[in-house]
Amino acid sequence: MNDSGQNMYFSAARAVAWRYLHNLYSKPAVFIPGLVFPLFFLAAFAGGLSAVGDTPRFDYYDFTAFQFGFILIQASSLAGVFVGFSIAADFEQGMGRRLMLATSRRSAILLGYAAGAALRLIVVWVIITGVSLLAGMEVRGNGYDLAGMYMLGLLSNVVALLFSAGIAFRFRSLQAGPLMQMPVFIALFLAPVYVPQDLLTGWIEPVARVNPVTALLNGARSLMAGEPTGILLAYGVAAGMIALLGIWALRGLRKAEMAG
Amino acid sequence: MSGAVISAGPGAAAPQAGGTDRSPLPIQVWAMAGRSVIRLIRQPALVVPSVIFPLFLLGVNAGGLNAATNIPGFPTDSYLTFAIGFTFIQAAIFSTMGAGQSLAQDIENGFFSRLVLTPMRPSALMAGQLAGLILMGQFQALLYLAVGLVAGADFAAGVGGYFVLAALVSVISIGFGGIGLIMAIRTGSGEAVQGMFPLMFVLLFFSSMTLPRNLIEQDWYRFLATINPVSYLIEAIRSLFITGWDGEALALGFGIAGVVAVLSIALAARSLKGRMLK
Amino acid sequence: MGQGARKAQPNGIEVEGLVREFKNGPRAVDGIDLTVEPGEIYGFLGPNGAGKSTTVHMLTTLLPPTAGSARVAGLDVATQGAEVRKMIGAALQEAALDPNLTGREHMKLQTALHGLPKAQRARRGDELIERVGLSDAADRRVGGYSGGMKRRLDLALALVHGPRVLFLDEPTTGLDPQSRASLWAEVTRLSVEDGVTVFLTTQYLEEADQLANRVGIIDAGRIAAEGTPAALKAEIGRPSVEVLPVDPARRPEAEEILLRFGTAVPASGEALSVRLNDGIEVLAAIVRSFDSAGIELASLGLNEPTLDDVFLAKTGRHLEGAGEADSGEMPLPEAEPAGAA
């Protein structure tokens, strides 16, 4: 890619990102659910279940902080899924085809959506973090720890985005919405949501052990606590999933191109 | 001048041409109920998620929150036994949204106009819609009870308790079904009915679904759970699993479910009357 | 079935000064008067958004009129709704069917709601299904039906209770020519054999022309013209003659001859056309004039006026595309509860 090609690539990505954010701004109904959902779970779990934090062997230092780890990963992933919705909606309305015609290197479209999603995510992070702090959450990690934690959030955002974009490119219809949302939702809840991993019992215990979300969740929680453990594993899992799902999404994009 | 009576069909196939009498209510209810059941059976894509999702949540919670049974004062040592009550309520509320949705669809696509041009009574329409719902509720109740028992939940109330459970699930289905119908009739929009979903979710979660009310530490949360009628519905069903026959819990559950049912059906009937033709 | 017997049935439609206003909208129907004789097929012709469906919704009691009165089968649509509904059958736009039910199940539901005795329900259903040619598809779900099959089932459902007046709102919109023809045949049969009064809205000239005994042309909520298709055409009209000389060099001469018989009107391609001053009896004279001038003709055509000419004469616009600039079709009656007004 020469310089002008590179410029064109990034200006296309910028245009897609701008349009995505503009849509969110002008249609709050699209933005609000991605924000309200995590806040709702934060209230329901951190508020309703705090007694669980007092049980023997629950060794995390603060129940709200414990739940925050989950909410962070959940909010970040859902924000990625919502990008899949936007892509599907674009194709349904014919906008996707227009974008495809307008850009020579189509991966710029994906990059544009991803950039838009990341910016949106920052707003969501600020709000859920603010609310958690107001609710009395205690933060033990230092600046580097917290940066690492939010980075894990960003990576889970990219993972979910690539997954749902792959579906959106293949189905090109909002009807596929549940196909994007449900697997992510299920994967999230098959991780140690309410209690640390070693307190899980029954069938969910082995499932959580192999669930990649568990690694992300444990990593984020340990960074919040200022006692990083399993960080290499968390980042490794995220990188691996991004590589695999990146192929999945780009192949989907090719399929969308083939379908015209 | 009897030769002048002309029917739009060969022979006397429509003897009441130009003067159809109203068909008896039971026939209308039966016809409408038949339709709503057929619709359920033929749209597994709509039904299956509302059956499976509560089971999934039960599975996740039973495994993930078993540690909660270690909280001093927790009423049972099996979180599954504690949590399964919520499953019935969740399923009932999910499928009632479905009933509202299907009526809204009828209004949107004009099928409702076809119905109101017939001598159908409003009560037949409502009873028909609710019949499908009750049937679905019974199916779910049986399924969840079976799954729960197989997975090791206690059912302290025994065989007799099943009938109480079935009755309570029916009343709850009618009550929340009525709410779905009101929304459908008032807005005539499936999207609007679906828009109520988050509200239902809030009602479900800010209740005593995950912990007994007396073990909720946060005051504001305990307050919400105490004023939330859904808590008492859950607790009534839960009592059948944990304590057996708890008169107070059952009375509260049936009482609240009954009030919701009467109010919502009365309101739905009023709204529907406004929509029927004069 | 004698004409006299049919006339004796009070199954006509009388409409006076009918008005329907929607909130924040124009007058969808703006004071129409019309009369439909018993047993007649009345074609209500107009572009999209002209007020056809709104009129049908008022006549079928789905929508209360804002002003004016309408009697269907001698009954007032505003005050005797239930009685009116017993007398009428309606197949509304976009055949509203449940995709999850089969054709036969639709018939079962409809016959039950109309209170047919149990013994008759199945028989009546099968009979009507056969009559509209859906016997083979009766046990398939409606979701898989073609547009034409849905319209035919809709028609069968509207006939369940033997209505005396039938309302068909754009029954053939979107249908292929074959389906359209078979629906026309059935509607004609209903009128001719069973004496059913048919009120049919359409945006197709051909449909109104071929099917309707009388036509009302509606535009912007008002009736622009009414009469039999032949009378309407005769009213505006004289036919036009179009000729094409073999030798293009002789066009001026040919034009001179034609102008003796009428006034020039636009013609297709290289041809010449005039609207005749008199009727078609001058055709022979025209032919003779060309003959004696020695002008050889590649073609000679006589064009009768069409309903589109009528529409053009009455409204200043062509029917095709006339509705496109308008605000679209009326809102569905569900947009506001029937009891609201």
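First chain written, first letter: the chains are A, B and C, and each begins at residue 1.
Rule of thumb we're sticking to: a contact is a pair of C-beta atoms (placed from the backbone, for glycine too) under 8 Å apart; a residue touches a chain by one contact, two chains touch by 3 or more.
Predicted model only: the values in this text are computed from it and were never measured.
Participant: What topology does the chain contact graph adopt: line, ring, star, complete, or other?
Facilitator: Looks like a simple chain-to-chain line, open at both ends.
Participant: Would you mind checking which pair of chains has the most C-beta pairs in contact?
Facilitator: B-C
Participant: Measuring from the mean C-alpha position of chain B to the mean C-alpha position of chain C, what distance in angstrom results?
Facilitator: Each chain reduced to its C-alpha mean, chain B and chain C end up 46 Å apart.
Participant: Measure off the straight-line distance from the CA centroid of chain A to the CA centroid of chain B, and report it in whole Å.
Facilitator: 34
Participant: Express in whole angstrom the distance between the two chain centres, defined as the mean CA positions of chain A and chain C.
Facilitator: Measuring from centre to centre gives 57 Å for this pair.
Participant: Would you give the residues of chain B that are in contact with at least 2 other chains, written as numbers and ranges?
Facilitator: none
Participant: Please give the residue numbers of chain B that touch chain C in the complex, ascending.
Facilitator: Within the complex, chain B touches chain C at residues 1, 3-4, 6-10, 13-24, 27-28, 30-32, 34-35, 38-39, 42-43, 106-120, 124, 188, 273-278.
Participant: Using the touch definition from the top, list the residues of chain C that touch chain B in their complex.
Facilitator: Contact set of chain C toward chain B: 1, 5-6, 8-9, 11, 60-62, 64, 73, 78-79, 81-82, 85-90, 92-94, 96-98, 100-101, 105, 108-110, 112-116, 118, 120, 123-124, 127-128, 131, 141, 157, 159-164, 166, 190, 194-196, 332-335, 337-340.
Participant: Touching residues of chain B toward chain A in the complex: what are they?
Facilitator: On the chain B side, the touching residues are 49, 56-57, 59-68, 70-71, 198, 201-202, 205-206, 210-211, 215-218, 220-221, 225.
Participant: Going by the contact rule at the top, pick out the chain A residues touching chain B in the complex.
Facilitator: Of all residues in chain A, those touching chain B are 33, 36, 40, 43-44, 47-52, 54-58, 178, 186, 189-190, 192-195, 199-205.
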